[in-house]
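Next come two complexes built around chain A: one with chain B, the other with chain C.
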Partner chain A sequence: MSRELISYLLRRFAQFLLVIFIAVSVNFVIPRMLPGDPVATALARLQTAGTGQTMDIQAVSDAYRARYGLDQPLWNQYLNYWADLFRLDLGVSFANFPQPVSAMIAAALPWSVGLLSTATLISFFIGSYLGGRLAWPGSGRGIRMLVPGMMVLSAIPYYLLAILLVYIFAVYLRWLPPAGGVSTTRIMRADWATFVDIVRHAILPIMSIVLGGIGFWALGMRSQMVSVLGEDYITFAEAKGLSPGRVFFWYGIRNAFLPQITALALNLGAVVSGAVLVEVIFNYPGLGSLLYVAIRGQDYFVIQGVVLVLILTLAVMLFIVDLIYPLLDPRIRR
Partner chain B sequence: MMSRIMIFLPGGLGSRMGGTLIGGLSILGIVALFSLLGPLFVDTPLSQVGAVRPRQPPGPGFPLGSDAQGRDMLAVMVVATPNTLKMGLIAGVIGVGFGSIMGLIAGQFGGWVDAVIRVIADSLLTVPAIAILVVIAGNIDRMTTGIMALTVASLSWMFTTRTVRAQVLTVRERGYVEVARVNGEGPFEILFREVMPNVMPYIVASFVGTSSAAILAIIGLEALGLGAQNELTLGNTIYWAQQSSAVLRGFWWWWAPPIVVIAMIFVGLFLTSVGFDRFANPRLGNRS
Partner chain C sequence: MSAPILDVQALDVVYDTPAGPARAVNKVSFSLKPGERLGLIGESGSGKTTMGTALMRLTRAPGRIAGGRVLLDGTDLLTLSPRALRATRLRDIALVPQGAMSALNPVMRLRRQMEDAILAHEPRRKKAEIDARIAELLTRVGLKPEVADRYPHELSGGMKQRAVMAIATSLSPKVIVADEPTSALDVVVQRQVMQTLGRLQEGLGAAVVLIGHDMGLIAQFADTVGVMYAGRLVEIGPVAAMIGAPRHPYTRLLIDSLPGIDVKRRLTGIPGLPPPLVKLPTGCPFAPRCPLAYDRCRSELPLPQETAPGHSVACHLYPENAELPPMPAPKEEAAP
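And now, the complex of A and B:
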C-alpha cells in the first residue's frame, strides 16, 4: 500500500469515527439541554396521553434513574452512556415494557437494510445507465422522452409517490398487498412461498424509491458522461474502430462512474430519510415504522435507539463505499 | 435531495434552459397566487374541525370534498399552502445566511478554521437529516411553525457552505483582491467589499435548493406526526390522512390535494434550480 492510500483510508476512518461521535453526543446532549430529566418528562407525557398502559410508572422511573445515575455529574452520565452502548444496551421500551430496545431494533433492521439496499442499487444502476444513454449521441427517442420525465419525478418526495402507488396498485387494481412485510397469516420459513410473499410485499415500497431515485442518478450521470465524451480518448477509441457498445461501457461509463459513487455516498443520508417515510406509508416492519410507532407512543428510548442505529448503519455503509472507492479509482490506489 | 443537484448539473439540457427557468417560476407563481388570492374567494373558517359534513366526496358545495374531521378540503389547502411555504422560506433564509457566513469564513481565513468548518459540514452532510431532526423535534414540548423552521434550518446550511467556500477560494486569488490587499484593506473589508459581491450569485442560487430541502424535511417531520399540531400545513394534512387510513378507505380527495400542491412546489423549485444554476454558471450552459 502506498502512502496516499494509507492517508486516504485514515482520513475516511477519522470521518467515520467523527460521525459516530456526533451522533451519540447529539443523542445524549439534546434531551439533557431541556429542563427536567428526560425520563420523568417522557413518562409524564405518556401518562397525560392516557394510553391506558398497565405499568408501574414509579418503578420504571426509579429503575431508569438508578441505571442512568441521573444524580451524578453530567460527565459521568456521558461515560455511562458510552459504556451502555458498547454493551448494546439501548434501554427498555415504555410501550412494550420490559422488552429491550436492542431486540426490537434487531428484529426491524434486516427488513430496512434489505428494502433499502435493493431499492437503492436498482435505482442507482438503472438511473446511471439511462443518464449515460441520454448523453450518448446514438440513443433512441424513447430514452430522450422518458428520462427528463423521470428527472421531474425525482423532485417529488418518495413517500408521496408511495401513497399514489398504494392507491393505484393495492386499492384500485388490487394487484399487490397495500401494507406490511409479509402476510399476517404466514409462518416465516425458509421456503419458496415465504420468499414470494416477501417479494410481493416489497414491490411497491421498492418501486416508490426506485421511481423517485432514477431521475436523480440519471441527471448526475448525464453531466459526467457529457464531459467524458468530449475527451480525446473517446475519439481515439472510435477511430480505432471499436464497437460503439465497447466505447460506451469501457471508455464512457467506466470513467463517468466515479463521481457517481461520490454522489451516492453524499446522498445516502437523503435516501434513508426518504425511505423512513416510505416504510411508514406501507407499514413495513422496518426501522422507519418502528420509529413512527415510537413517536406516536412517546416511547423515548425506542426513538433514541432507532435514531442512533439509523445514523450508525449509514456511517458503516458510507465507510464501505469509501473502502470500495480505491478499487475503482487507481489514482488513489497507486 | 434537491439541493444536492446543484453540484453536478447536466451539461446542458440544451437551449431549453431559459424555458426551464420560466416553467419553474410559473409553477411556483401559480402556487403563490393560490395562497395569496385563495383567502379572498374561499371561506377559510371552513378549514376548522367540524365546519362541514365529514367525508364528503368532491361535489356541489365541496369543490374538493371534506375530510373525516369535517374540514372543507379547499379551505384547508388555502390555509395550509402558505403556512408550509412560509416555514420553508424562513428555514431557507436562515440556512443560507448561516451557511454563507460559514463558507465565507472558511474560504477567507483558511487554516484550522477552514478545516474545522469543513469537517463538521461534511460529517453533517452524511448523517440522515431526519434522524437528528426527529430527536430535536421529539424533545420540544409545543412545536410551532417558527421552531419548526429553526430546527430544520439547523441542518440545511452545509451545501451553501461548501459552494460558497469553493467560490471564495477562487475569487480571493483574483487580481482585484490582490490590489485591495496591497492597498491595505483588512481581511473583513476584503471579505465583504471584494469577495462577497462576487459570490452573491452562488448564494442566491443555493437559496432555491436550500428552501426546497427545508420544505422536504418539514413535510417529512410533519408526516411523522412531529409537526405543529395546531397548525394547518400540507405535511400535517398528509399525517392526518395517513392516520385515518384515507388511502385504504378510498378517500382520495383527502390525500390527493396536498400531494398535488406539494408536487407542484417541488417540481417548480426543481425546474427553477436547474434553470437558475445555468444562469449562475454560464460556462455550464453551452456544453452539449
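And now, the complex of A and C:
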C-alpha cells in the first residue's frame, strides 16, 4: 500500500467519525428543542387513548424523567447520552414498556439489511449491465426493447407496482406469500426450511424494489457508457484486436461503472427512506416497519433509536463505498 | 519491385449527419511498399484520422466505410469476417491513435493492457514469457520495464506515447498507422518520440503511415508524402519532389506556410476555408481558394494522374504543364 493510499484511507475514516459524531449530536439536540415535555405529552396521550394496557404510569414517567435527567445541566445530559450509547442503551419503548429499544432494533435490523442490500445490489448490477448493453453498438434488438419496458416500470408509483405484484403472485397465482418476513407459524431455526421460507417471503418485496429501480440504473449507465465508448482507449482496445466481450467489460463497463458507484452511494439515503414504504406495504418486520409503528404511536425513544441506526447505517455504507472506490479507480488514491 | 504491403483503392468514408452524408474520405487510393514511410498531411478536418481508422476498419457510427478496398498483403480487410479482422489487427496492422495520451485505459495498469493485447493473439503464452516480452517491448521504446506496473496517470505524456507505441508494435505488425503521435508533446519530446518511431520502423521493417499537420516533421521522417484536402488525396509523391517541386497548388501553399529555417519567407497561411463536406463543389474542391483556378476547375473534378513515377496529382494544370506555374500572391480575403 502506498503512502497516498494510507493517507486517503485515514482521511476517509476521520470523515466517517465526524459524520457519526454529528449525527449522534443532532439526534441528541433535536428532541430537546421540541416544545413542551415529551414525556408528559406522550403519557397523557397514552392515557386518553386508553390502550387498555395496565401499566404503572408513575413508574414509566419516573423512568423517562430519570432518562432525560432533566434536573442536570445540558452538558452532563450530553455526556450521559454518549455513555448510554456506548453501552448500546437507547432507552425503552413506550408502547412495549419496558422493552429496550436496542433489543427491538437488533431484532429488526437484520431483516432490513438483508432485504434492502440484496434488492439494491440486484437492481444496481442488472440495471447497470442492461444500460451498458443498451449503449453498446453490437447489442441485439432484444436489449433495446427490454429497457424501455424497464423505464415504464420505474415510472409506475412504487406502491401500485407492489400491489400489482402482490395481486399477481400472491393472490391470483398463489405462488408466494403476500406479506411478512417469515410464516407466522414457523419456529425460526438455522435450517433449510426456514431459509426457504424467508427467501419466499423476500421475493416479492425484492422484486418490487428491483423492478422499480432497474430503469434508473440502466439509464444512468447508458449515458456513462455512451461517453466512455467515445474515448480513445476504446478505439485503441479494439485496434489491439481484443474480443468484443473484453472491450465491453474491461474497457467499457469497467470505466462507466465508476460514476455509477458514486450514484449508488448518493442513493443509499433514498434506499433507507424507501425501506419504510416497502416494509410497510409488505408488512416486513424490519426497521422501516418499526419506525412507521413508532411514529404512529409517538414511541419516542424508538423513533430516536431507529433514526440514529439508519443514519449510522448510511454512514457505514458510504464509508464502505469510499473504501472500495480506490480499488476500482487508481486515480482517486490521492 | 516488391508487391505493395498495403494497397488502398478508392476508399470512401461517409459520416451520416443530419445535414446529409459528409464525405470525409473521398475515393482515396495509394499503396505502400514493405518498409515504406508515408507521411500524410492536410489541414484539420481534411479526413486524415477518418482514413487512418478506416484502414483498420475501426470506423464508428455515424461514420461508415461506403466503398473501396483496403488490401493488406493482398487480403481485403473490408470484407473479412469480424473474427478474422480481429486477428489481423495488431498482428498485421497496428494503430497509434490520435490522442495517444488518452489511448490507455486509466483504471488498468499498463502491464494488463500490454498483456491482453498479446493474449488476444497468442492465448497460450505463459505469464513468464509475456512478462519478459513486455520488459523487452518497453525497453525498445526507451522505457524502464518497471513502468509496466504503473497506471497511465502516473506516466508523463511522452511516456504514454511510448507505451502506446510499445503496445502497437508488440506483435511486429507489417503496417503501423501513427496518427499525430507527437501532438500535445513539447518540442524536445516530439523529437525523441519521432526518433523512437523511426528506430522501431527500421527494426521491424514495417511500413508506416504517419499522419500529421506539420510538414517539417513529416518531411524529416517520410519517404513519400501524401497531401489530403477535403477528403481527397490531392497529391502524393517522393518527399524530395514534394518539397522541392510540388505539383498541386495546395501543396505549394502548405509548404510556403511553413515557418522553416528561412525566416525571411513570409508566413502566409492559406486564405479561405475548405468546402463543407456535405456540399462539395462540382469541380475541384480546392477551386474556391486556388490562385490558379480557371473555368474548367469549377465544372470538372480533377482525377489523380501520374506526372512522374510514384508521383501523382489531382489537378487540371497537368499534363499540359510540366511543373507548377508561378503562383500569384494568394487572394486577400474580401473585406466584409
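Here is the rule we go by: the second predicted complex is superposed on the first by the 313 of 334 C-alpha atoms of A that agree within 3 Å, B and C clash if a C-alpha of one lies under 4 Å from a C-alpha of the other, contacts with A are read in each partner's own complex, and residues count from 1 in each chain.
Note that in this section a contact is a pair of C-beta atoms (placed from the backbone, for glycine too) under 8 Å apart; a residue touches a chain by one contact, two chains touch by 3 or more.
It should be emphasised that the depicted structure is a prediction, and the values quoted were computed from it without experimental measurement.
Asks: In the superposed arrangement, which partner chain does A:236 touch: chain B (first), chain C (second), both, or neither?
Replies: In the superposition, A:236 contacts chain C only.
Asks: I'd like to know which partner A:328 touches here: chain B for first, chain C for second, both or neither.
Replies: Once the two structures are laid over each other on A, A:328 reaches chain C alone.
Asks: With the two structures laid over each other on chain A, which partner does A:100 touch: chain B (first), chain C (second), both, or neither?
Replies: So A:100 meets neither chain B nor chain C here.
Asks: Could you say whether A:303 touches chain B, chain C, both of them, or neither, answering first, second, both or neither?
Replies: first
Asks: Of the two partner chains, chain B (first) and chain C (second), which one does A:254 touch, if any: first, second, both, or neither?
Replies: second
Asks: See if chain A has more residues touched by chain B or by chain C, and give me that chain.
Replies: Result: the larger residue contact count on chain A belongs to B.
Asks: Under the stated touch criterion, which partner chain does A:154 make contact with: chain B (first), chain C (second), both, or neither?
Replies: The first partner, chain B, only.
Asks: Flag every residue of chain A that touches chain B in the complex, lowest number first.
Replies: Residues in contact with chain B: 15, 18-19, 22-23, 26-27, 30-31, 34, 38, 135, 148, 151-152, 154-157, 159-160, 163-164, 166-167, 170-171, 178-179, 216, 219-220, 222-224, 226-227, 230, 259, 263, 265-274, 276-277, 280-281, 291-292, 295-296, 303-304, 307, 310-311, 314-315, 318.
Asks: Taking the complex as given, what residues does chain C use to touch chain A?
Replies: Touching chain A: residues 53, 56, 58, 60-61, 86-91, 94-95, 97-108, 116-117, 120-121, 151, 153, 164, 167-168 of chain C.
Asks: Mind listing the chain B positions that touch chain A in their complex?
Replies: Against chain A, chain B makes touches at 1-2, 4-5, 7-13, 119, 122-132, 134-136, 138-140, 216-217, 219-220, 223-226, 238, 242, 247-248, 250, 252, 255, 259, 262-263, 266-267, 269-271, 287-288.
Asks: Give every residue of chain A touching chain C within the complex, in rising order.
Replies: Chain A residues touching chain C: 137, 231-233, 235-243, 246, 250-251, 254-255, 258, 328-331.
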